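Pasting a structure below so you can have a look.
Which chain is which? They are A, B, C, D, E and F, in the order written, and residues in each are numbered from 1.
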Amino acid sequence: SIFRELQAKIDHETSLRDELSSRVETIDQESKVLRLLLGEFEISNNETSIDITKSIEVIKVKIQELAKVASEHSYYKYVNVWDRAIQEVACLTLLAAWRGALQGHEDKKYQLLTLEQVGQILNATLVPVYPEEVKFHISIEEYLHGVLSISTELARLSVNAVIYGNKEVPLKSLQTIENVHSSFQLLSLKNDSLRRHFDGLKYQLKRAEDVVYDMRI
Amino acid sequence: EVEFQQFQRVLQEQQDKRERIIRISREITIQSKRMIFLLHQASSTKFPLPLEFDKTKQHKQNIQKQLGLLKQELDTPDAERYAASCSPGIQEFVEAYAFEYWLQHQSLIQPNDAKFQIDLQSFDYVLGVCDMTGEIMRFLITHGSKFAMVDVLSHVQFLRELNLECTKLRNLNRRSQNDLKQKLGVMDNSISKVESICYSKIL
Amino acid sequence: SIFRELQAKIDHETSLRDELSSRVETIDQESKVLRLLLGEFEISNNETSIDITKSIEVIKVKIQELAKVASEHSYYKYVNVWDRAIQEVACLTLLAAWRGALQGHEDKKYQLLTLEQVGQILNATLVPVYPEEVKFHISIEEYLHGVLSISTELARLSVNAVIYGNKEVPLKSLQTIENVHSSFQLLSLKNDSLRRHFDGLKYQLKRAEDVVYDMRI
Amino acid sequence: SIFRELQAKIDHETSLRDELSSRVETIDQESKVLRLLLGEFEISNNETSIDITKSIEVIKVKIQELAKVASEHSYYKYVNVWDRAIQEVACLTLLAAWRGALQGHEDKKYQLLTLEQVGQILNATLVPVYPEEVKFHISIEEYLHGVLSISTELARLSVNAVIYGNKEVPLKSLQTIENVHSSFQLLSLKNDSLRRHFDGLKYQLKRAEDVVYDMRI
Amino acid sequence: EVEFQQFQRVLQEQQDKRERIIRISREITIQSKRMIFLLHQASSTKFPLPLEFDKTKQHKQNIQKQLGLLKQELDTPDAERYAASCSPGIQEFVEAYAFEYWLQHQSLIQPNDAKFQIDLQSFDYVLGVCDMTGEIMRFLITHGSKFAMVDVLSHVQFLRELNLECTKLRNLNRRSQNDLKQKLGVMDNSISKVESICYSKIL
Amino acid sequence: SIFRELQAKIDHETSLRDELSSRVETIDQESKVLRLLLGEFEISNNETSIDITKSIEVIKVKIQELAKVASEHSYYKYVNVWDRAIQEVACLTLLAAWRGALQGHEDKKYQLLTLEQVGQILNATLVPVYPEEVKFHISIEEYLHGVLSISTELARLSVNAVIYGNKEVPLKSLQTIENVHSSFQLLSLKNDSLRRHFDGLKYQLKRAEDVVYDMRI
């Protein structure tokens, strides 16, 4: 019957979704490790830098595996399975580079990687950057969410830096957040998740400004 | 930055396309609703509806024209990105066509029926068919008194079996599950209402 | 550190709760099918009886699986995940037996099964019946919610029975609902969910009375 | 009958809950006294230290009594009766030690006791510390609520310390609150009471910073 | 029935009496509030207030007159029945007298103080005294800048000790417990406010 | 100090209140027994009549004991400890007499006892009836609450009576409830608990009317 056919189709999609989800979960787990490592980086600079680079390498392999499965199917049908994980990875990659904690990319300290650079770091060959291609890729939206998330991290970082007597980080953080803020104003965002995420940026900007202001007194 | 200008261009294109698709979906919805209205009107005097019934021809043509436009828009590799934007119209269209089919045959139109003239997303078909049961309920409430008890009961049975089949669907993703749950709740209510008619018919 | 311990605890509890929830969901889905089958039973009596018994069998297996996971953890910590599902299953089991639709229990037609009997039907060995055991079980409250819910079903059944010319069901329904009503009235319930559920019983009683009253004219 | 069983169960649970509640209330009352004594400590340092130690001793005995009754029943069924009281006691114990007002623990001045230490102070034998035990215990969450609450106290303490010309307390308070804040930020909390409590911490941090800032001018 | 007519008579009498007592209570409240107003006015120029201060004499006489009426009403065996109805007035009266006493002596008036001239229900005394701390807070906020730091601190200390004593009360019945809890919450707030004054005085 | 004196006074009152409460609790327990017996009376008339009379005798003794303690103190200071218990006893006594289940008062079948009669049955010598006396007594309010409660019982009784084919009870119930309703309209009630209780009476009246109406068809 028609309902049996429907069920078969649904079952197929669900099992695929499950497989993708379980791959995404391993990425999430490694992301948590990476986030902790980046937290420790404040205190014990260079020592953790190797671990951070390794962790990103692990994530890169896992994304490749995910991409392999995902690329056999319609990208946009399943994108919601992995988009949050990719946003987090994008954020952490940006953060690692900004902090100068990414080996081979130390020159990017206090800078934000572009979408293309993030794509290259995570997988130069398999991850095309622009959305017209329907193979697995890091989308503009995912990258932009990552950029907004890193601003939150930087604002927090400023506060902690002050405790450890670091005056450079607050200033650089403020610069970066200001850049992000003005770049985003170029975009005409719809009333979607990106817009809501962007709405929170002004608080981060204010926070970073306050820290720099307090520091100057 | 230069990259952000590129972003703006891409995001703007996507936005424009999405808006065009939503407009098409709305137009299909409007035409489908008018078609359902005409079907209720026609079936109030003639039931089953004759196979050669053609008062909805104009609307069908309009719908097919819009479906053509939609097909063009979706002829890109990222078509799935806009699936959610055109679903409401497609569901309404299924509802209208399935209702006409039921009025003519008292049975369920198949998703690959030639009348549809497009390849349906399976789940839009299910949800559209669920919506159709509401029209059948309205039809039975209005005209139930004209029918023999045994006929009304067989129509109730049709609704019940459809309900059971939809309820048996498993493994849906959360969003589809919630959509279906809500429609099935409405269907339960429709069936109860038809039962009440039977009850008062008996007394 | 304590924070890592907390994170581990939160992660553990969340994943456990998710697993229990997804098991409960499959029970809910089968319950809905069973509910519809019991509705069909009116029309095509014995034919659906096999499907009904099969459906209860499916539920029984799923409850066993749920019980296995649940029994490894504190009962009261997670009971709110499954209690509504079990209430529904109890209701449907009672209803199946009341209708004489439960193979091997046809003698229970027009009767309400006891909590022990429901426990035995759903799984004699794995589902202990009494509430002070902290393993997975059907609680008195869950059973009684089931009893109150079946009254709603019976009131509706009365209406349908009349349509199909059955005069016995409305009378038996009324008797059963009256018995339930007078038994509950003896209780001094706290102001909890059972009390609120019971407050709705008056309306079912009225509905069942109305049908019998209509029939007599 | 099942209805008599239910009534017995309801009556039993109600009376148990009442007994637990009234024990919790006596703990709450003593907690309020302890809170005020800790406030006095600012002014008349060592003199109130005896009263504080005595008050904690009273609370300890009352908790032991509560634990005795509670341990006979399912922990998670009744934990909501006492969890807020235990959070408050944890907070006050932490505060007493932080202030150096706890006899025998003067070396913990300006430090936060660990969960184990709080457990030992309140009752080494009867109050197990880890959460998978289903007997009465101080849970990680209760302890961390205490940690968050103490931050509120410390922020207020800073203000009072300044009045009495104490410049050390504001600095130490700020350090402690900053530590708590950065530790919590690593966690991915669910949207529960701990998350909401943590959300308020930013404000305490700001208050403590303001005092230190005011002092420096 | 005949019995119900009797009931009506008895219930009506009780009702009337209750209303008279509520009226008296309200009158005492009004007079006490006026007295507090005058005390704030007077203490703004002279603190401590001289023992011979007599501008509140008129109000005190009014209050005593109402207390006399109240005593008459309550001179029946069922006086306790109306305790709740006169409590608000009594508490306000305690608040006013205790505030005057504090302005004069910077210490706590005792419940058996001759000034009260009536036998107080112990709990009305406690709640009235709690309310008084709010007046002291207001007094300190308005005039705190005139005092030496050490004096303000000693007044805070007075409030703290009163707070501790009230907090230590045990075994109250639920209703009294709730009343007291609410007043102590207000008292905590008052003390915080006075602390803030000290803080800004220091900076 | 003054607070110590206060505390002593409070402690004295609390212990008295506790003693009264525990006596009231034994009355409540016996009331529950009596209520169950009155429920069974429907089915097995005369047999339970002895038990009912005995149960009222037990309550009478317990009230005497309560009265003895209470009479040493101000009646109105503690009346809220026992008033609900006495309302329930009043209701049950009225109900027992109305049903003809009270030995020695069979002539009161289908009638409501007066307050004086209730007073005599529960204790002729120790319980004066009118409120000007401040010794322990059944107050007008307590009696009137009992009268309103019995109306609810009678409305329920009507429904059950019909099931057992009893046509007298519904008619007599309706008469009694109508009498109560018109008597209460003599009273000018304030907006208090009695008024709220009376507001529910119209539903009972409607219910009793419906039963009689249905019976006549």
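The rule we apply is simple: a residue touches a chain if its C-beta (ideal position, glycine included) is under 8 Å from a C-beta of that chain, and two chains touch if they have at least 3 such contacts.
Quick caveat: nothing in here was measured; it's all calculated off a predicted structure.
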item	value
Touching chain A and also chain E, the following chains	D
Chains in simultaneous contact with chain B and chain F	C
Relative to chain C, chain with the most remote C-alpha centre	E
Reference chain A; chain at largest CA-centroid distance	F
More contacts between chains, B-C or E-F	E-F
Equivalent-chain rotation between chain E and chain B, CA atoms, steps of 5 degrees	180
Distance from the mean Cα position of chain D to that of chain C, given in whole angstrom	43
Distance between the centres, which are taken as Cα means, of chain C and chain A, whole angstrom	47
Gap in Å, rounded to a whole number, between the CA centres of chain E and chain C	59
Chain centre separation (chain C, chain F; CA means) in Å	38
In chain D, residues with contacts to at least two other chains	186, 188
Multi-chain contact sites of chain B, meaning residues that touch two or more partners	168, 170
Pairwise touch network: line, ring, star, complete, or other	other
Chains touching one another, given as label pairs in label order	A-B, A-D, B-C, C-D, C-F, D-E, E-F
Footprint of chain E on chain D - complex, ascending	26, 29, 32-33, 36-37, 39-40, 43, 156, 159-160, 162-163, 214
Parts of chain D lying in touch with chain A, wherever the complex brings them together	178, 182, 185-186, 188, 209, 213
Sites on chain B touched by chain A in the complex	1, 3-5, 7-8, 10-12, 14-15, 76-81, 83, 108, 110-111, 122, 125-126, 165-166, 168-173
Residues on chain F engaged by chain E in the complex (per definition of touch)	1-3, 6-7, 9-11, 13-14, 17, 74-77, 114-116, 130-134, 140, 144, 183-184, 186-190
Residues of chain B defined as touching chain C within the complex	153, 157, 160, 163-164, 167-168, 170, 184, 192, 195-196, 198-199, 202-203
